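Okay, got some structures for you below.
Across the two complexes that follow, subunit A remains constant while its partner is subunit B and subsequently subunit C.
Let's turn to the complex of A and B:
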């Protein structure tokens, strides 16, 4: 059985696999709330001005609210890399199931179906659907074949603690080099004992000529060399 | 607890991703979790609903259902903490483990002065699985805690309200309009419990029971997942697994085949 994760891997026709990190109900509900308040504030400001115009203003106001409610998410999803301001704040984005950016038809469908997700009150159907669906889809996502993913990476690479840089004595693949750098960036937050314990894992079982020196300082040295310090 | 026997992918996650992983855990282990849920919640649910009925629609039944959440949480975490290591726990095992869970997981403090803590499900693994007590436990919580757990509680509380209002909304949609019109108190007096009919109070208790059945396992799993994520970060579990693979790779490269 594969290990449990919220990642869905998609194989493109070019043979590249893309890892999409699905977003669940909690961040999505927060993003929706943010968007809701943004729209509310815009409507209130607009109505403040339009109310000067009497019935005509009210009519214009209702048209604006109608367009805002239905097209605010669509426009942002199509023209702002799949993210409304709320989603952007939470680091989320809407994509199609195959990882392609959402187009007009998918976005219009998923947002029109909010009319179903919002039933009976406060998106209860949408929430039930997300809780039951393996890809955390609300009903609109299921019909439009879209997913919502996390775009934020966990943390940017921290600056390595200063010191010497030394070249790697053995060949390492790029992901293995990234691992050494990830370790080095994490060292300040690990306890010294734990850092040493982790470094020891790389100690070889038998003595050979070219191996990694398995102690914290040497690994930090390799990491600095990998990121380009000399 | 060591990371290599986990059935969960260990990697550095943002705390939103960790919360989402909680939902994946519930979806994957729902059979075990809900078997345990029945064992824990049914013995509370019957007296609670009976209380609402017998005391003529009093809120004490709802309070009882809510107050005992730390108890259900412990049972759920017991199942979940074993499930993530590939061990299935059925309801027999839950019953057998119950005395230990009642005595050794800080349940008393959780039900009294600790009932209003904002990071209940995040604290729980430290209380229940690490077996530390007193000052050491306090320090441990301080080391691990960020501000994710409190947000999780607020959001899960919100999701409970969404489902509660959703269920009530559905109920009103299904009731014949003449019936609702003949009983305007159902809509107007929702928050003043005295005038609501008894059947509605009992039904509301039932709805609340269903709502916490839907959200509480997720709340516990997401808290547990946040806890695992924090330990991964502070103890470098992801690095450990990567280094093991790398060490094994270097080893085989050097032995001529």
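Let's turn to the complex of A and C:
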């Protein structure tokens, strides 16, 4: 695993490992800010409405603020796949350490312990904890055994530009084959000059460079053959 | 096998699993158990789909492992990876809130008995300072000003003087809307204090210590001051009923906070983070119970305590019964199951 990376793998009982991309303090702070404003707007709208009801409205207002401040994140995390509206906008989600969605207890713990993360000012404890913890956990996350991850949007399978396929003239290891396919998938997004420049790098890297043609078109051909076009 | 052949061969299954997972997510209700991940009102087709889910999910795990082993294109591996993740979440994420009724009938009191020593410790941290401060203020009344300023003391005396806010016209309560406003206030104020008392246990128990002792001092000082002023009866007929729930619940929140603090101070053979996560389970269940008690307390405090539905002797009897109820609940409920 690369040293400076935020990707964690969890192993499922089926014996395969799944990758999760951890979210750092900045997107999480932005999500919090967004949620904060959403709550504020809800309170303001309610205030307009409830002020008509006198003391009765005041009572309801205080209950709503109580629920909003403590349980707004809990409800969304449990019922909306681990994401408050703010988190959803930023593509974040809360999961348990083992990658499954958060349950009631974990969500309640991590959100009640916000009261400590927020101390002494502006989530200072939470921020320190996130920077010190290798999984970007604030204190509430440590106790509740939860993580916050980026929920990646599905990317379409990269298509190679159409053309002929040619078999590899020499044996290449599978990671080398993968390199050629990855390069071929990037070609449409590169300028022709840059693509050629990158293709050139291959030449001195291999002893077999005499047989392996290191120009863009040939590499594309090899790539198509590797992924199975004939 | 080349990647494209692999995709052609299995794409059908992947799409099927994707469809199953989306249909599982579309029902917003929490899932009950692994068997009912999907909506209960199923058409026959859906029912077979549901039965197919586990084997389909395991097939996708196999495909992912194969794709990794054969170094297929990263985009393909990524797609299978995401698919396996959502399958994993749908399959193993089916957690439920264990029956609430069960919890209150025996789980909660049994949990408190299990950690009885911490309960008594938290109780002592609330009541001993209250007693000491009470004696201090009773014999040296000016000590009240070490906790409250003039304004605060005036408000207090105003509230509890004959005919003040606490003593309404006999036979009637406060106006209903005023009662409800106070209900909202008690919920917001008291439950938040309970939560903070629990959460600040994470500061090596120090926060919980502060909340318990400070509230104890305040309670003792206020009571002693009012007794000194001759308002003892008005004070106690007001606090006795909801106090049974409110004071006990604050002790319970403190106890939950001390559980966290203890995990940090003496984690035993675990790492501190592990010990914390381990303590969090019982702690949060204690907080659930305490929250319910604080809700009851807020209700009683808003709608009963301030009313004069009974003469004060009657209110003392009701209050005493409620204390006996709370004590009996924690001492005896679910005890037979344990033995």
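Going forward, the second predicted complex is superposed on the first by the 158 of 230 C-alpha atoms of A that agree within 3 Å, B and C clash if a C-alpha of one lies under 4 Å from a C-alpha of the other, contacts with A are read in each partner's own complex, and residues count from 1 in each chain.
Convention: contacts are C-beta pairs under 8 Å (C-beta built on N, C-alpha and C of every residue); 3 or more make two chains touch, one makes a residue touch a chain.
Fair warning: this is a prediction, and the values are worked out from it, not measured in the lab.
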Which of subunit B and subunit C A:182 touches, first, second, both or neither: both
First, second, both or neither for A:170, with subunit B first and subunit C second: first
Which superposed partner A:190 touches (first subunit B, second subunit C, both, neither): first
Which superposed partner A:22 touches (first subunit B, second subunit C, both, neither): first
Touched partner set for A:42, first subunit B, second subunit C, both or neither: neither
Touched partner set for A:66, first subunit B, second subunit C, both or neither: second
Subunit B versus subunit C as contact partner of A:152, first or second or both or neither: both
Partner chain(s) touched by A:78 [first = subunit B, second = subunit C, both, neither]: second
On subunit A, the residue positions that both subunit B and subunit C contact, one per complex: 119, 152, 154-155, 182
Interfacial residue positions of subunit A with respect to subunit C in the complex: 12-16, 18-20, 54-56, 58-63, 65-66, 69-70, 78-81, 95, 98-101, 103-105, 108-109, 112-116, 119, 139, 142-145, 152, 154-155, 157-158, 174-175, 177-178, 181-182, 185, 226-229
Footprint of subunit A on subunit B - complex, ascending: 6-9, 11-14, 16-17, 19-21, 23-28, 152, 155-156, 158-159, 161-163, 165-170, 172-173, 214, 218, 222, 233-236, 238-240, 242-244, 246-247, 249-251, 253-254
Contact footprint of subunit B on subunit A as seen in their complex: 1, 3-7, 21-27, 29-30, 90-91, 119-125, 127-128, 131-132, 134, 136, 150, 152-155, 170, 172, 176, 179, 182-183, 186, 189-190, 194-195, 198, 201-206, 208, 211-212
Complex contact set, residues of subunit C against subunit A: 1-7, 25, 28-30, 57-58, 61-62, 64-65, 68, 70-71, 73-76, 78-79, 81-82, 84-85, 88-89, 92-93, 95-97, 175-178, 180-185, 187-188, 191-192, 195-196, 198-200, 202-203, 207, 260, 273, 276-277, 280-281, 283-285, 287-288
